[in-house]
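Structures follow.
Across the two complexes that follow, chain A remains constant while its partner is chain B and subsequently chain C.
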Partner chain A sequence: MSNAVIEMNNVVKNFGRKRVLNGENLSVQQGETFAYLGRNGAGKTTSIKMLLGLLKPDSGTVRVLGLDPAVSPLEVRRRVGYVAEDQAMFGWMRVQQIISFVAPFYPTWDQKWAAELTSRFELPLKTKIKHLSKGQGVRLALLLALAHRPELVILDDPTLGLDPIMRKEFLRDLVGYLQGEKVTVFFSSHLLYEVEPVADVVAILDHGRIVRQDSTENLRERVKRFILSASAENAASKLPGLLDINRSGRQISIVVEDAQPAIAALQREQIPFDEIALNLDEIFEAYVIGRKEPANAEPPLERVA
Partner chain B sequence: MLVMTWKYCYTSVFTDPAMFIRIETSSGMPIARQIADQVRTHCASGTLAPGDRLPSVRQLARELAVNQNTVLRVYEKLTAEGLLERRHGDGTYVADSLPPGRLKAQRQLLQQEAQRFVRRAGELNISDDDVHKLLDEAIEHRDRQRGSVPKGGQRNE
Partner chain C sequence: MRSLLWKEWHEQSWKLAFGSLILGAFALIGLHARVVADELLLQWVCFLAVALLPVLASTGLVPAERDDGTLESLLSLPIAPWRVFAVKSAMGVVLTAGPIFIAAIVSLVFAGGREMPGAAMAGLYVRTLAAALSLFFWMYALTVRLPTETRASLIAMAVLLMWLLIALGLTQAAEHTVWHPSVEITVPAPSPLWVICPFVFLIPPKNIGPTLMLGAVFIQAMIAALLLVWASRRFARPAVSEGL
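Up next, the complex of A and B:
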């Protein structure tokens, strides 16, 4: 895959006896806006640290822009823009100071672009970082990550802690300045409804593995819920690609990975059904807490992430 | 979201047509379809008139905070339907002449809604006669609301 900007193959990582990544596979193509979803503790930040060469996999391979980040971390970081979760910056520095401080680390730093972003993001140059609002802080981090014109931008939960208006603004910046410039964007988030409109591709990470990677359109078209009569429970539990099955009184609700084969199977068995489209939240839920055994009125088990 | 779309009126780049589009991210309907349906509706209702220029893919994507490829796909689809026209290097316009299938497409949309309505009525055990009555009442309600200012042209031709 010559066009893959990020590739992870069978990546395993343990912290002590705890397995955090359990054979993770993913591939991000050039120019894609790739949303990386998972519950807290699913392994998102661990993976991102590997992409930047801050952690080494126990086994498996990681490639970023064709490089092994564990071997060439500096080159990777020169070509990648990175905004960390809760980016810590020197609070005593002024905006102008941190920009001048960070610039020399990057041979490709674009002074003009940095100045333009400063004014577009309405960043007050003379203000100390600790006095910036949360939204300004995120925009400053974004500026620092973009001004060297990276080919790939990695954002670890960039909207965390922003209010709804700022989050929206951030997503607009993302669409306007990154997609507009054909930069590949890899961003993690747990706010699914926000991710969907901006992402080309979505990957769902659960317990250290990718349980689904697909285009947002495909996910919406394929993952569907069906409501059937409870008498069809037996047949329903054997449907291909079953993600979740739930019984409630006289009805059962099932979620399947791919609607077409499931519909074909239901029609073959002459089982009447109602088809329901799902939003990304519901799809995510089916993947990460779906249960394949019919259960009656028991609350879902709390799983340790 | 609504507040955001109001910006359309003021943003100088596309002063020509005011186009409100509202995305519901919690809906089960894909975003591309939501946008396409709303543009079709705007064209049908006359909010967008033939020859009106649409915002560029980039502008609309940014305003709605929606992936540019999604907007591009919508424009391409509506262009293929003959509703929009992409003039090379000059942006996207509402087509000057009505595509022949356009009314049919509008009708199909409504037909889907009618089917949903009828199915829902069935689920609620409402008789077919009552379904007709409900529609009559809805029409009366609309006419009452228009009240003293009857609007021409919106009746069935």
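Up next, the complex of A and C:
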């Protein structure tokens, strides 16, 4: 039996003539911290709105915690904590007031836990929301998403607009919470370095489709860059799982989605190569803006796409 | 639901106070100064109410919240959109009716029975309330998906102007005369088409028969119900012209 908390199968969503999701498939297992990566406008927020029942798919199926959000949106939202991208809150309310306002909507709201989070996030209860700093605003949104002890937390680019220090602080709080609770987290972002330390599984969304979903470890282990002599360009362009190829003077740099078959092929062809490990940022880049044809331009390792 | 009512009250109560202050003060100062006859002054108060309150009430409820981005936050909570809509609609009715009620109390206490019988004065305010609510429902329904309060205000004013022009057209069609202050005119029976116009309620009872008035009440109630149903279906959708 599947232990999936989120399942999306062949989900298609159009806005007018624009197809935003084009047969999206993904599966998030219980307890995972799932990083959902995509460029701005890739369809991340649209997918998240479907998970919450705020939008309905044109075709395909969506299940969250075993429920169809289009049919039972309130039940789903009661069990999910959600921090929206650049979340707008009622500026005139004080921190204490918004906590009191939101609490009655959730039957499982834990007042003690909310108080503990308020203190942990150093939120001034009597300050109006419009007077909070951006970082405090995000922490408050996180508090409101966590205080009802949700089974699933959905974070839609929550650190958008924060400076690097604030982003680190937010992630520290998030990781602190995750260490204490076995909650499933669906974390959408376009900042790869921020999800890398916390993600168990990564899905890369490009043009409305998941182009890769794998564990962070597998991705780092399998997706590799190889530096080869430019004379091996023809052989390199035929390598299995080629994601990206760039020429730099007398060398070419390639990225493949699975290193082992590529290494085997290079060894078979007796092509010497240097293997370079990639971080998540570089892997993401290879998937979404990688090119499979070598660039003709001469500048070293400069992408022409 | 209590939480939602509390939020709406906190957001909108200043408008209730503002509308009540404007109308109440206008009625009180005008009735105290006695520059014009009480009936004429109260007609001005009522016209101000009809022109001001529906615009004030309708544009601040949904478009203002879309503008702030808080409507999306509200709708992502585990609460049925129809409840949010119902609370906002009820608040709109309170914002429209409240200041008229205050002005009516002020007028009745200060000048009831002085020149106008109290019942006639109360009747004028009841008819004003009916006209203002009819306009409110039009404006509310037509602005519910607009992304900004400014655009909503423009549309609301266009609605007001449209019905004023229709009312003028109906008046001309019915009377075929040009009104002048120095000319005593005989007012003929209004056209039955008046029943579709929110301003039908402002026609003095002596000029409109009970059948036409009952017909107007029924038709306006039906129109209001249809507009509310239409608005409720569009309320939770993204604003028109909103990007992805």
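Basically, the second predicted complex is superposed on the first by the 295 of 305 C-alpha atoms of A that agree within 3 Å, B and C clash if a C-alpha of one lies under 4 Å from a C-alpha of the other, contacts with A are read in each partner's own complex, and residues count from 1 in each chain.
Criterion: a residue touches a chain if its C-beta (ideal position, glycine included) is under 8 Å from a C-beta of that chain, and two chains touch if they have at least 3 such contacts.
These figures come from a predicted structure and were not determined experimentally.
A.B. asks: Check chain A with both chain B and chain C modelled on it and let me know: fit or clash.
C.D. replies: Chain B/chain C on chain A - fit side by side.
A.B. asks: Could you tell me the angle at the CA centre of chain A between the CA centres of chain B and chain C, given to the nearest 10 degrees?
C.D. replies: It is 140 degrees after superposition, to the nearest 10.
A.B. asks: Touch check for A:V20: first (chain B), second (chain C), both, or neither?
C.D. replies: The second partner, chain C, only.
A.B. asks: Scan A:A262 for contacts with chain B and chain C and give back first, second, both or neither.
C.D. replies: Neither partner.
A.B. asks: May I ask you to decide whether A:I254 touches chain B, chain C, both, or neither, giving the answer as first, second, both or neither?
C.D. replies: Once the two structures are laid over each other on A, A:I254 reaches no partner at all.
A.B. asks: Quick one: classify A:A145 as touching chain B (first), chain C (second), both or neither.
C.D. replies: In the superposition, A:A145 contacts neither chain B nor chain C.
A.B. asks: After lining up the shared chain so the two structures overlap, which partner does A:L278 touch, if you call chain B first and chain C second: first, second, both or neither?
C.D. replies: Only chain B; A:L278 stays clear of chain C.
A.B. asks: Would you check which partner chain A:V198 touches, where first means chain B only, second means chain C only, and both and neither mean what they say?
C.D. replies: first
A.B. asks: In the superposition described above, what is the shortest C-alpha distance between chain B and chain C in Å? Please give a whole number.
C.D. replies: Once the two complexes are overlaid, chain B and chain C approach no closer than 28 Å between C-alpha atoms.
A.B. asks: Over in the complex, which chain B residues touch chain A? Could you list them?
C.D. replies: 4, 23, 25-32, 58, 61-70
A.B. asks: Where on chain A is chain C touching in the complex?
C.D. replies: Checking each residue of chain A against chain C gives 15, 18, 20, 41, 45-46, 52, 54, 73-75, 77-78, 82, 84, 86-93, 100-102, 104-106.
A.B. asks: Can you name the residues of chain C that touch chain A in the complex?
C.D. replies: 2-3, 6-7, 10-11, 68-70, 72-73, 75-80, 244
A.B. asks: Spell out the part of chain A that touches chain B in their complex, as residue ranges.
C.D. replies: 33, 168, 171-172, 175-176, 179-180, 193-194, 196-200, 216-217, 220-221, 276-282
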